[in-house]
Every structure is written in C-alpha cells, then in structure tokens.
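Look at the two complexes coming up: chain A is in both, with chain B in one and chain C in the other.
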Partner chain A sequence: MATKQVSATDFAVPEEVVKPPWLVRMRPFLIALPALLILIGILYPFVVGVAYSFTAYAFTRPNTAFVGLRQYQRMVEDSDFLYSTFITLAYAISATGVQLLLGLIVATLLNRDSRIAKILQTTLIFPMMVAPVISTLIWKMMMQPSVGILNPMLNAIGLPSLQWAAVPETALFSVVLVDVWMYTPFAALILLAGLRSFPQGPFEAARVDGASFWFTFRNLTLPMLTPFILIVIIFRFMDSLKMFDIIFAMTEGGPGSTLMTYQLTAYRTSIQFQRLAQGLPYAIVLYFVIYFVSQYLVKWWGRAQRRAAGYS
Partner chain B sequence: MAEVRLEHIYKTYKGGVEAVKDLNLTIRNGEFLALLGPSGCGKTSTLRMIVGLEQITAGDLYIGDRRMNDLEPSERNAALAFESYALYPPLTVHDNIAFCLRARQMDPGEIKRRVLEVADMLEIRDILGRKPAELGGGQKQRISLARALVRDPDAFLMDEPLSHLDAAQRAHMRVELKRLHARTGRTTVLVTHDQLEAVAMAERVAVMNFGVLQQVGTFDEIYNHPANEFVAGFIGEPPMNFLECEPTSQDGQTALRATDGSFSVTLPGELRARVEGQKAGRLKLGIRPIDMIAAPKANGNGVVEIAGNVYTYESLGEEGQLAARIGSNEVIVVTSPDVTFERSQPVWLQLRTHRIHLFHGDTGVAL
Partner chain C sequence: MHPRTRKALTSIFSDGFLLIYFLFALFPIVWMILVSLKSTNELFTTQFVFTPTLENYQAIIFGDPRAAAGVVARVDFPRNFLNSLIVSSGAVVVSLLVGVPAAYALARYNFKGKDTLAFTFLSFRFAPELVVIIPLSLIYRQLGLYDTYFGIIWVYQLVTLPLLIWVLRSYFEDISPDVEQAAMIDGYPWHQIFMKILLPLVRPGLAAAALLAFVFAWNNFIFPLVLGASNVQTVTVSALGYISSAQAFFNRMAAAAVIASVPQMMLALSIQRYLIRGLSFGAVKG
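Showing the complex of A and B:
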C-alpha cells in the first residue's frame, strides 16, 4: 500500500473565502417562512375585514366607498346592541365561572392515588374528544321537550319538565349547560395538573400544624393554585366570548334573539343577511375586547405565578 | 412537655420495605436526643411516625401518657422542622409562623405577641414581611424552627435541620439550637447523619442502621464502648480500623494473631479475660486512628507494635494522616506533626492496648 507524503500545504487554509451556497444563506428566511405565511394568513383577512368595516359593502350591493365609522355608529345605536353585549358577557362569565368551580371540585376529589381516581382521570377527556357541534346536537335531542330523555329524568326526581332552549327563560341555561359539560374536564385537568405539581412538604407541614382542610385550602392551596386558575380563565373566557358552535347548533341564536351574542349577530348580519360591512363591527369589537382582556389576564397570571412561588 | 416513648415500633412500606424494625426508645421529658445513622437507616421514618405523617405498622407510640398511634398529626402536639423547610410559599414569614395559631383560631392579639416573641428569639423580626423565596437557607431554617416553636409543642422534632446550610451557618445554628433547647427545655429529637451535629447538640445519641436501633447513650458511652462493629465504625472521624484476627496462645498467654499472619498482639488482662471467656473463633480488632502512634523505627521497649509499610501520608498542619499497609489490611493512623513519612517506608505502629475494641468475627457484637 502506498503511503502519501503529508505536506504542510495539505492543511493550508484557502485564502479566498468561499461564499456559502444560496440555500445556506437563505436558511434563516426559510425557517421563518411558515410563521410568515401563517401571519399573512391571519393578518390579511383581519386587515381586509377592518377595511370593509369602513364601507357599506353588501353582497347584494358591492359598494366599497369609504363611509367612516358609520357602521360602528349604527351598531351602537342598534336597539339590540346592549342586549347583545349583555348576553355575550353573561354567557362567557357564567360558563367560565361554573366550569372553574366544578373543575376545582373535581380536581380536588381526583387528587389522590386511588385506582378509581386514575380511571376517572382518563374518562375526563371523553367530552373533549367529541366535536362540539355533534355534542350539541345530541344534547339538543336529549333536551327535546316531548321525546327527549332529560325531562323524564327530571320528572323521575320530582322536578317539572323544562322547555330548555325552546323558551327564552331557560335558553341561556341550556347552552351554558352544554358548554359546562364539554369544558369542565378541561378546567379539571389543568387544575389537577397544578395540584399534582405542588411539593408535598408544605401540605404535610399544614397537617402537622393542625390546619383543617378548609383552612389549608383557603390559605395554601388556593394561592398556590391561582396561576392555574388563571390559565383556565384565560382559555375558557376567551373561548366562550367568541362561542359560536354550541349556540348555533342549539338555537341559531334564538328563540327570537335571546342568544344573539356578538359572534352570532355578526354571522347573521354579514352572512345570512349578506350585509357584510354591517356585521363586521361586532367581530372587530369582539376582537379588541378579547385582545385587551387576555393581555390583562396574562399579566395577572405572571404576577400570580411569582406570588405562588413565594415572591412578593 | 412530655416524654416520648416508642415500644416495639415497626414500619413496613408498601412493597415490603422494612424501614424500622422493633424500635424501643424512650426520649425523656426535656431531653435532647439525636437519632443518628446513615441515609436510609429509618431515622426519618421514625420521626415521621412520631409526628403522625406515617402510619405505624406495629407497636405503640406514647407522647406523655397518651397513645398516639391512631391520632391525627394535629392532635399530637408535636412540632416538626422539615429537612426541606416546607415553608408555605405564598405566605409572608409572619403568616408562615402564625399559620398554626390561626388554624387553631387563637386570639389575634395573642398570635401577634407570640410570633414577635419567637421571631425575637430567632432574630428574624426584620424579615417578617418578606416571602420565603426571597430568603437564604439560613433564614428559611430559622423560619421553619420558629414555626415549630411558636406552638409550644410537647415534643419538638427536627429532621436534618442544618443539612442545607453552609459550614459557618451550621456551626452558628448548632450553638443556637443548643441554647434554644436550654432555654425552652423541650423534649427534642434531632435526626441527623452528621455525628458532629449529634455530639454538639444532643444529650443522648441513638444510632440506627438498616431500621434497627444499634445503641443509645451519651456520646462518650457510644464512642468509648460501642455496642457493635457498625457503631464503632460509624462514630469517630477518621473511622475506626478493623483487623481480622484470631486468638492464639503465646508464651502460655492468650494473644491475638492476624488471620493473614501479618502481626500478633498481646492483650491487657481485662481484654484477655474477655477473649478467653468467649471462646471466640474469628475476631475483629478495632483500634481508632488516634489510638496508635506511628514511628519510623521499632521502639522495642516492651510495647505492643505492629510493623507495616506507609501507603499514603498527608500532612494536615497540626496533625498528619497516615495510611499504612499491614499484610492485607490497610489502617489509618493520626500522626503528630513532628514526624513525616515517605511512601513505601517501613513504619511501626504502637497500639494503646487498653483502647483496643474487640468484636465477634461473625456477628460484629462487641466482646
């Protein structure tokens, strides 16, 4: 075998700096490209939507002339605007509140090492595995006043039949009930994860200190759980402010206009009535409400997290 | 204040791990006792059983005259300072200390007075408004102690309270804990793996290993009369040397000869009688590093000497530490600063024969 004589020139650095190939130079841009495309996909419709809200555009009368804030003024002056605001907030607050409370109870009950708790933990995610519209349609069948299964169940425990979503009195209750059924497991899972992440020491110390369950819960568990509670609120409040599928599948906003939230009003005006520009302000106002509320909640969450970890 | 009495206590964990076996121990009223042992010896399990965080598998626990086995931790009036401090992270230092008083719905004025009193005792009054995460280990330690002390417990239990502190803080807290005990006179149990802590603070030391209590006594008793090979080897730094040997007859008297034949030693009368009385086969000769004098030459003046070779030598200033090979054994000797040694140089070790400990070769029990 011939051996090659190694000379110093074999290791010499070439003086001319080779330009990296085109693909290498473009790498940062290529990596950022998907995010950029998504951003365009989100921003373009948003900007177009805002732009159209300053016109009187309707599908039947495609007029793109600038009309200033007239659509917004019209929305605010609409006799149903206040009620729509009320029902949007009522839905979001009651759904989130009940889910949080039930989630807290469920998580506390499941926070133990028994076999039954483990089985129940896995069954918790079942409601979230069904498409919301399908769940709602099933609930709608169950709530059907004459043939649904819920009224016989109420009667069996001595309660009168309900008209459920068919009458204004119980319409909000009915859709919130479906929302609660669907998303309480989400709240419970987040809170359970929080409870599980706690160090055992402080809770053992509380037992030795002779604190009752409620005293420990109020003074120790709850403050430590606050960041997780806020995560539930951020997700569920944002989501239920713009809730569409449950209400639409259940009543399409009725009976009458009982459940006409911002989201449903925007849909009905822009798509069903084909007055695009007139419905847009509802969606845009909803966007800003969600934006500012979420900003505030996220800041609060950061503070709560520091506090729970033991900083002032 | 009360006596803590453990009678035939067993702890078996799920999966069959026996953490504590047949533990009998009485901590006298007002006494400061240290539970000493290597990690996993069952000392923390014992403490957690006393305070009520672990179920007692079998046996009886009494604090004062009351049997405690089935009582909740809150009903036992035993306070525990946790190894991890286990402070309440969202609460201020003041609220951490006041937690148990508020849980018992004590009068707010009285709570304030007692928190301030204990805060003064532990010198943490200036940090009462802070939160735990902002504080250093020494401060957290004091809060954890304050939280335990503010309750006026019958028994005061500490689990490795100094293990997370640096050396200077540890020395300081040792003195303070001892002073605190002197001042409050509470029945106190300290769990530690550090014999220095045990010696510095406790009146009596209980040594545990593999879930079994090995010996209880004052440190002097345990140091000078270890009950078995484990206690002898665990207490004392550097640890005791053990040499395997067997009884033999030398000039008509009983003496000891190394199993590997590398040395033989004659014994003083009392030890000789014990060896003869036991009719033991294999024995272990235990001798502490400070009970030997190392010399580069044989003394020959009738003293008991063992010849060996220097393996390593370190000078540590006021003393030296020598490792010597004797046959197949290696022994550690603490040497005086006047002599130095070279590796592989021959060395003669004079034994203070009255300081020899003898243990049964198989069971390790002291003769």
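Showing the complex of A and C:
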C-alpha cells in the first residue's frame, strides 16, 4: 500500500468518517424486526423437530433421551421406505410433467387472436381458487360408484368403468388427475405471461424468412420461455413432492399403503399413531431434499433469465 | 391445401382443443353446484333432470333436522365458516403489519444477510408443513396454544407471510428510488415518505397480494387439521365430516363447498390483473 503510486482512491474520504450513525445503519433490521420475530417463532419448532428426531419421544411415552440416528436408521430399514420414496417421486414427476406439457399447449392456444380463447381465459383461475381438500372431495364424489358421474361418462363413450382411487392400480392416476386439474391453470397462466412478454421482432423475422412452426418453437420460443418453464417447475415440483391435501382427502394414503408418500407417512406415524419422533425423519429428509433442489432450480432460473435477456 | 383453408382449419382445431380443456377444467365446479341443488332423493339417480332445491343450503346454514336424530353427521357449518373467516383474516392482518415493512427493507436497503433473509422467508413456502407442525403440536400443547385462534393465526404466517413479503418486495423494487430521494430533499422524514408516497403507489398490488394470501389461508387444511380441534375447526377440515359418516351426504357437502369456494372465485376475478405476479411470488410480472 505505502509504496504504491498515488491513485484516486488515496484521496477518498476514509470510510469511517461517512459511516452513518448506528440507528440509521440498523434501520433495515429495525423495520424488519417484527417479521424476524415471526421467523424465529417458526424456526424454533423446526429446530425442536430436528432435536426430537434424535429421541424416541412419543405422546404416550414422553421420553426425551438421546438415541442418536436410530429413528433415521429405522426409516431407511423400514420395508416400505423404498416404495414410499418411489411413490413420492412418481407423484411429483408425473403431476409436474403433465401440467407443464398441458399448460404449454393451453398457453400456446390461448395466445392467439381468438374470441373463444379470450372468453375462456377468464375462467382459467377457478380450479386453483377452490380449497384443494374441497375440490378433491368433489372429485371423489364424481368417482364414487353410486352418485358419481365419471363412470357413466366413460361408459357413454364405450369405455369400461374404473374403480379410481379405490384400487391400487388406478389410485396414483386418480390423485395425479386431480392435481393436474387443479394446477394446470397455474402452469398455463405463467407460460402465457411468458409468451406475451416476448418481443415481436424475432418472430416477425422468422415469419418473413418462412421458418416453420416447429423451427420457430424450438429455436425462439423455447429458449425465451425457459425462465417461465423453470418457475412452473419450481412451484409445482416442490409442491407436489410435499402434497398432502389431495392424497389425504382422497384416500388418506390408501388403499393399503399405495399412496403413502413421505408427508403422509410422517403424518400417520407422528400424529395419528402419536409416535412423534418416529415420523419426523420423513419430514426432515423431505425438507432438505426440497431445500437443495429448489436452491439449484432457483440458480438455474437466474442463469436462464440472463440468457433469455441476451446477456450470455 | 390453400393456405387460407389451412389457417382456418388450424384455428378451428385449436378452439376445439381449448373447449375440451375448459370442459375438463370447469366441469367439476358446475357439477358441484348442480349436486348442491339436488334433494337427497334425487341424489342417487344418474339422470340430469331434477328439480332444484335449496334444502341443502337451508340444512347447512340453519341446522339439519335429522342431525339431532343422529341420521346425519353433525357439522356446525356457520361456526366453521366463522372460524375460517377469523383465522384467515387474522393471519392476513398480522402478515400485513409485519410483512409490508419487511418487504420495504428487503427492496430498498442493502445490508448484510439480505438475500439469506429473503430466501429463508421463501424457503418456508416450499418447506413440507409437517416439519414445523409435528413439533408444534407438542409445543402448542405445552403452551396451551393447541386449538386456539392465536395458535392457528401464528402458524398461518407460514402461508401468508412469505407470499406478502415476496410479492410486495417486487412492487417496491418497481418504484424508482428517485421518488423517495425527491421527497427526502423536500425534507419529509422517512416514515412519512413511506406512508404518504410509497404505500399509495403499491396499493393495488398490496390489495391483490392480501386477497391472495387470504385465499391461501382460507384453503389451508393441514394446519387446522393437526393443530386445531372443535374450537377453531375451519370449513376445509369440517368438509371431510360430511362424507366420513356412515351415510355420506354428498349434496350437503356440495352446498358447503359452494358457499366456501364461490366467494373466492369472485375475489380472484377482481384481482386477475395482479394474479400472476402474486402466484409466482413476484417472479413473473404478468
């Protein structure tokens, strides 16, 4: 420093002098303080939960002795653990995948100059606004053998009746169907907002050059749409990994243990069977999976956004 | 094929697909309304012809004569509706009081740990609820907060607070700092700048975010299921009661579902312009 040539920074006022008073510096923290207190109030049970996952605590036998990783070991060695992992992922991947694809089609079709499209678009939000547990009960009624309407409709077009969520073969299909019904509008709305935000220039140029629909779609639409697709994936994949309402209202995890995802297993063990510590590892492992996957996706989203804006 | 014919065909095909999709999307809602107007006798016929009746609405609002005799499950719908109203609006009011200033701080100030803080709030949105409410079910029993309004409103912050903070932060970021600096030069203290200049500028976004937070709180199921009982039971939890009884009363449930969900659909229509930004936590400025 001392032997360096004289530069502009040497004449700058030392930082300490212009440092604002303590109260001003603390202002953002003071403004956010009430929210921080609530944050702590929510972090505290989380920490308590992690701590209890190292005990054998049950509501019926309140024992807080440290047992190490025994609950986690028990979870991994459980005969249903692999299946539970599979069904959690299968639900999330199929629901998100279908919503993305169907949402993309619906958004593309709505993004036209069509009177029908304009009228229909207003009603797109309805399925999302009904409480998930209530609309699942409606679907359950529609699938019901005596009052239901879905089987008569299937029969009318020559298809056999289904037993829907009552049998293991179609249980996953039934709940994913409800999830797709509920959240495809979310995907469609986000993607539609994306399509409408595009600059028209590149598309006109492609049209003038006689580019085909697929060429334009692959080389213009898709790259520019990537940030929006990622938003859909972030919200829908994370939410369906932890989906509780739809599965609980439909079958409570059944028939048998067909739909016992991590969330349902954690609920059944900790709350219904009152074995608090035993169910916690499922919720905690799911928390960390979601945390790291969402971090990764959010970073990817940031990169995609910069690329779509033409910075790299 | 002539290009014009081809264009017309594409258009018809596209509209046709849209119509089929919207049939799928709206059918369950229409069916729910139809079933809610069916009498119990007509419930088990598959014919579409029926004489609409309001008996289900009467039964759930004024009490079911057969509930006293034990034929129908007892669901105190007006009480549950009131509970939903209390906890949802309570949660939104608390979130507004603490969330608006926090959103402003996150949008305007540069301070250490700012991004970590913002992302911690966001991570609650994605966290599996049970990771918090399993331990809370124990803590609440110890503190006497189990099955209380305060307890439910507190835990609803997990739903409403991240939404309000993130959506409002994006609205505050849209306002040029020049607006504030001009007011500062004019000698306004910061709290007056906030109340008289900034708040009015974000008001439409604020109202929309608050309404959306209300809808999400209203629709929540798992928190009152685990942390509440008869005192705070909400409509989402009590809806299960109609079909878990020995004889399921689908028409009653449908009427309850209509009352519990149609107001929100209307609310959502009124904030449609701001909905996409709200649903995406400010990430997509539709």
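Note that in this section the second predicted complex is superposed on the first by the 280 of 312 C-alpha atoms of A that agree within 3 Å, B and C clash if a C-alpha of one lies under 4 Å from a C-alpha of the other, contacts with A are read in each partner's own complex, and residues count from 1 in each chain.
Keep in mind that, in the parts below, a contact is a pair of C-beta atoms (placed from the backbone, for glycine too) under 8 Å apart; a residue touches a chain by one contact, two chains touch by 3 or more.
Note that the structure is predicted; figures quoted are calculated from it, not measured.
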Subject >> Superposition on chain A - do chain B and chain C clash or fit >> reply: fit
**OP:** Answer with first, second, both or neither: which of chain B and chain C does A:Gly201 touch in the superposed model?
**Re:** first
**OP:** Determine, under the contact definition given at the top, whether A:Asp209 touches first (chain B), second (chain C), both, or neither.
**Re:** first
Original post:
Is A:Gly158 in contact with chain B, with chain C, with both, or with neither (first, second, both, neither)?
Top reply: neither
Original post:
If you count the residues of chain A that each partner touches, which comes out higher, chain B or chain C?
Top reply: C
**OP:** Could you tell me if A:Pro21 is touching chain B, chain C, both of them or neither one (first, second, both, neither)?
**Re:** neither
**OP:** Kindly classify A:Ser114 by the partners it touches after superposition: chain B alone (first), chain C alone (second), both, or neither?
**Re:** second
Original post:
Which partner does A:Met224 contact after superposing on A: first (chain B), second (chain C), both, neither?
Top reply: first
Subject >> Minimal inter-chain CA distance - chain C and chain B, angstrom >> reply: 8
Original post:
Can you name the residues of chain B that touch chain A in the complex?
Top reply: 51-53, 72-75, 78-80, 82, 84-92, 95, 99-100, 102-104, 130-134, 147, 151
Original post:
Where on chain A is chain C touching in the complex?
Top reply: 27-29, 31-32, 34-39, 41-46, 48-49, 52, 57, 59, 102, 105-106, 109-110, 112, 114, 116-117, 120, 122-135, 137-142, 144, 146-147, 149, 152, 181, 184-186, 189-190, 193-194, 196, 228, 231, 235, 238-239, 241-242, 244-245, 248-249, 262-263, 266-267, 270-271, 276, 279-280, 282-284, 286-287, 290-291, 294, 301
Subject >> In the complex with chain B, residue positions of chain A that touch it >> reply: 199, 201-202, 204-212, 215, 219-220, 223-224, 307-312
**OP:** Could you please specify the touching residues of chain C with respect to chain A in the complex?
**Re:** 11, 14-15, 17-19, 21-22, 24-26, 28-29, 31-32, 35, 43-44, 46, 94, 97-99, 101-102, 104-106, 108-109, 111, 114, 117, 120-121, 123-124, 126-139, 154-155, 157-158, 161, 165, 190, 215, 218-222, 226, 235-236, 239-240, 243, 248, 250, 253-254, 257, 260-261, 264-265, 267-269, 272, 275-276, 279-280, 283-286
